[in-house]
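In what follows, chain A forms one complex with chain B and a second complex with chain C.
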Partner chain A sequence: MRCRMGERRTIRTDYLARVEGEGAMTVRLQDGRVEHVELRIFEPPRFFEALLRGRAFTEAPDITARICGICPVAYQTSAVNALEDLCGVEVPEPIRQLRRLLYCGEWIESHALHVYMLHAPDFLGYQGAVELARDAPQAVERGLALKKTGNQVMAVVGGREIHPINVRVGGFYRAPSRGELRALVEPLERAREAAVETVRWTAGFEFPERSVECTLVALSDPGGYAIERGRIRSDSGLDIAPADYDEFFVEEHVERSTALHSHLRDGGTYLCGPLARFSLNHDQLSDTALDAAREAGLEVPCRDPFRSIVVRSVELVYACDEALRLIAAYEEPDVPAVTVEPVAGTGFGVSEAPRGLLYHRYRVDGEGTILDAKIVPPTSQNQRAIEDDLRDVVARHVELDDDALRGLCEQTIRNYDPCISCATHFLDLEVERR
Partner chain B sequence: MTLRQVVVAIGNGYRRDDGAGLAVAARLRGRVPSGVELVECEQEPSRLIDACDGAAAALVVDAVASGAPAGTLHRFDASADPVPARLFRSSTHAFGVGEAIELARALGRLPARVIVYGIEGAAFDAGEGLTEPVATAVERAADAVLADICNPEGDAAHA
Partner chain C sequence: MKPKLAVWKFASCDGCQLSLLDLEDELLALADAVELAEFREATSGTVEGPYDLSLVEGSITTAHDAERIRAVRDASKAVVTIGACATAGGVQALRNFADVDEFVAAVYASPEYISTLATSTPISAHIAVDFELHGCPVNKHQLLEVVTAFLHGRKPGIASTSVCTECKRRGVVCVTVAHGTPCLGPVTHAGCGALCPAYNRGCYGCFGPMETPNTAALVPLLRDLGLTERGVERVFRTFNAEAEPFRDAVPHG
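On to the complex of A and B.
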């Protein structure tokens, strides 16, 4: 349907009807031109920042793990990184590797969920995973099996599948035995095969040619494909320590929106997450993951948000591979955790959540009481890049009718795997037209 | 032979009334007969599918927002039919309880008996603690779940 002169269209998608003002997309067209694009897909974790004030620094991993049901390990890891940074503690290598293994479990679980249950149906013309499962049950079962393997890793290392309780400042409450980890080898080997199959499957989807031009930001670590630690780098030459985050990245309120938008200090838009990680660090992927990426025809850098599904699939292969490598090399640490005495000051921590860079900052007094906390999740950081992409997508497709345009907008948003599940566990959808 | 039953409580304890399902689980702990598994699901609900694997009956508890008065306890038999969309509103954007049940059904992994309880919430903003009507409904919901556990063949709807 073409817009007539003077016609005004509003397309709105409410993701989270139970939460007022949150999780909604509004696109307003005036005379066929994009007048306004607004996205409220994530509420910054202000409640948790307030909850942390006055609590013991040792409580931060447990409290922040509750922010997200999909990526609790990311929150725990950024928290312990920040607090250990503050207290001048570097955990022994076996403990760091165990954290990396736990994080691999979370990547597998989260990526499998997004690739199979949320994103693939877009490419295959299904309304959702339920409809996909009726026609392609084997594919959906493969996704569920992958997800289950990620959960198993989290249960063994983290103590619980969801909101792992085994993580503490300084290490773990209990280190798993070699035998416990060995039990994960067979499921992980099967998962790796399923992940390679996933790359082949998603690479066969049809992709509209698309490229986003913003700066790509990811952690980088000379020791490996950055997950649980690293310096913050970009494809335009940024290379900073986590402590310098606030100097180079800015959060600000946007007019007519309740959301906070992050941008580079110089005003530029940036994107974090799988596309940025792959583009910056692809040469550190395992051979199996690199082979899968090559076979899939992924280009470097990869700036196509639609192809993020292939990149997530490649990262699935890597996470399985890396988990197997870590298990093979695992030696039980002498102690599961090192002692961390509180130090007055400010600590900074980052890690690569499945959706991208997750930044934590804590100010703590000499008794170990948290005075204030700042948490910037990847979805908040990507919000501006998603809006820019949406604005462009809408401008290119104004001729579509409302339903088709809304569908395209939704897929555009899903390309970024926004962490809407962090807010509540179910979502709502509504279209308004006037 | 006793049929294996599983209670799946879904929720987010830091979203006020969204934690109703978890509160029901807390009430049921120690009260469910042996052999009945109690699973808390604080994550997105696709985990429900694995939790139900091999069970003859699944009793699913969650908070809902359908516009009914806060504290209303809904009960549905989803063994053969989907739960009403107006209660467990679904979308393609994330996995809701409705999708998880329908996905399990599509894959032939749904237990023969599935009962879904929805506790009508009033507040879903960030924060801890249930509103008073929901806290009261949690008690009734726990009793209703126990009654269904003890009557595994029963299918009479009551709310």
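On to the complex of A and C.
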């Protein structure tokens, strides 16, 4: 599209589809130059940090789970990590392994949902997975089977797939028997095959050449590909304990927007999530996952947001593999939970939600009552990176007509699997309706 | 002509509409039986109303949403609320017992940007609702039953008894009688399948109050089992705090 002097174009999506939550996007161009880019959140606020005050510390995993129906285990895990950290409790190894297994279930469910139902339709030119299923039923059925397996793992270990009831500070209410977990082996083996097939499928999509420059941030743990615990690391040398998060990351109020964007204290933009995890920790993936990544031609580091769909698929392979390993090694713990007595002070907890780093901080009194809470979900951490990426994508494709450019912008946002339900209590709440 | 199904979201976590997508074995058959006219989490395709059935997730917390829900009602033959937010205001209704301006200031650096109502209210406080499905989250099999029933013009087969009946049916030992564990099962709406007691945990009421619950009898029992006054208040003030029987189970304030 040629541009005339004085020409102003506005590319707008008033209600983004195939993301979790309610968001909108506005891109304004003046004379073919990008003037303004905005990812708006109009999800209404629910004030979790405020309503947590005065609650018992033992209630935090159940309450914070309700921030997000897609990644409740991430909230429960970061919450119990923070509160056990505060109370000086380290759960026995079998309990930690069980948490990791539950978390693998959530990764499988969430990644399968995003890859097949939310993201793949962009690459293949469909409005959604239901429409895609008319032409490619086998692919969609494979995705649904994968998703179902993730949900089965969550249902057995957590009690149910959305807002599991079995997680508590100190461990679980009931540890599953070996027999209950054994029943998951066959579906997980099939899911692993489906995941390998998913990597091949997504690697065959067409990708525009793209690379983002921001710092990559992920948890790292010498014990394995970090999921349910770890230190916070970056590709530019950051390596800190969860308790030091607030010292290195800040949220800032951005002018003309009510959004609080996270950035590094030195001002740099950073990205967390699958690209960061894969780039920092790929050597800890299982052999099957590494083979699949190699066959797919993934480079390390991977800085291409469009290829995040391939990275998520590789993580699907890993999560299936890891779940199988954990089940094979499982010994029922002597007790499902250790006793945790409240301690006055501040606790810090992190974990790798499917979308990236999830940080919780709680200040608690000696009776175990929460005095204040801070929760930083991955989507608010990634918002600045998403907007930077959007600005650059638009600048490189101004020649596209409005519909094509809007489609490309929406896909650029979906590359990050934004979870707006999670992010809302931090972000823009003003509805700009034109 | 296939019946038109719409899914709407208000203040919520997305979990109840995710329950539809979690029907992995039935989803494609369901999508074949209806026209998915509005379901933004699943598809960018939309079809204009009127809708035969609207499923509504989430509570009303903004003036704009209070208007939007009326438009949904006007465009829908039947409206079914799904989950604790839409049916009872959700966990965000805890603001109803506090000062919302103080809540806003506690969370946001620039409170002047936040437009929110002082309360989180269920959908039924704003429009006529044809059926309310309980749960935080809903049980996906019950969700399928409700959708199927409405599409066939029959009454949904959803029991309105307590979690206790589900424990008995499942053969779960009573956690209160056997272990002295405080449990909301006697006053909580059935539907989960007695999940918490089956995991050695007392019910925490996420399905909200059953029909005619006897909370007055349960409260002294909870105290006898060791819950403090604050503890009793907390168990009723979680995910269904604005539901009348739970709201009135403990003194206001």
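Please note the rule applied: the second predicted complex is superposed on the first by the 405 of 434 C-alpha atoms of A that agree within 3 Å, B and C clash if a C-alpha of one lies under 4 Å from a C-alpha of the other, contacts with A are read in each partner's own complex, and residues count from 1 in each chain.
Here is the rule we go by: contacts are C-beta pairs under 8 Å (C-beta built on N, C-alpha and C of every residue); 3 or more make two chains touch, one makes a residue touch a chain.
Keep in mind the model is a prediction, meaning the values are calculated, not measured.
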item: Touching partner for A:Ser78 - first (chain B), second (chain C), both, neither; value: neither
item: Greater residue coverage of chain A in the superposed arrangement, chain B or chain C; value: C
item: Which superposed partner A:Glu59 touches (first chain B, second chain C, both, neither); value: second
item: Contacts of A:Arg414 with chain B and chain C, given as first, second, both or neither; value: first
item: Touched partner set for A:Tyr173, first chain B, second chain C, both or neither; value: second
item: Chain B versus chain C as contact partner of A:Met117, first or second or both or neither; value: both
item: Contacts of A:Gln381 with chain B and chain C, given as first, second, both or neither; value: neither
item: Overlap of chain C and chain B interfaces on chain A (superposed complexes); value: 15, 17-20, 43, 46-48, 66-67, 69-70, 113, 117, 121, 127-130, 133, 137, 140-141, 144, 147-148, 151, 161-163, 410, 421, 425, 428-429
item: Chain B partner contacts - residues on chain A that touch it in the complex; value: 15, 17-20, 43, 46-48, 66-67, 69-70, 113, 117-118, 121-122, 127-130, 133-134, 137, 140-141, 144, 147-148, 151, 161-163, 410, 414, 420-421, 423-429
item: Residue ranges of chain A touching chain C (in the complex, touch as defined); value: 15-22, 43-51, 53, 55-56, 59, 62-63, 66-70, 72, 113, 117, 121, 127-131, 133, 137, 140-141, 144-145, 147-148, 151, 159-163, 165-166, 172-174, 253, 258, 260, 336, 372, 410, 421, 425, 428-431
item: Touching residues (chain side chain C, partner chain A) in the complex; value: 9-16, 18-19, 21-22, 24-25, 27-28, 31, 36, 39-45, 61-62, 64-65, 90-92, 94-95, 98, 102-104, 106-110, 113-116, 120, 136-137, 192, 195-196, 198-201, 204, 206, 231, 234, 238-239
item: Chain A-touching residues of chain B, taken from the complex the two chains share; value: 10-15, 18, 41-47, 49-50, 65, 88-97, 99, 102-103, 106-108, 121, 124-127
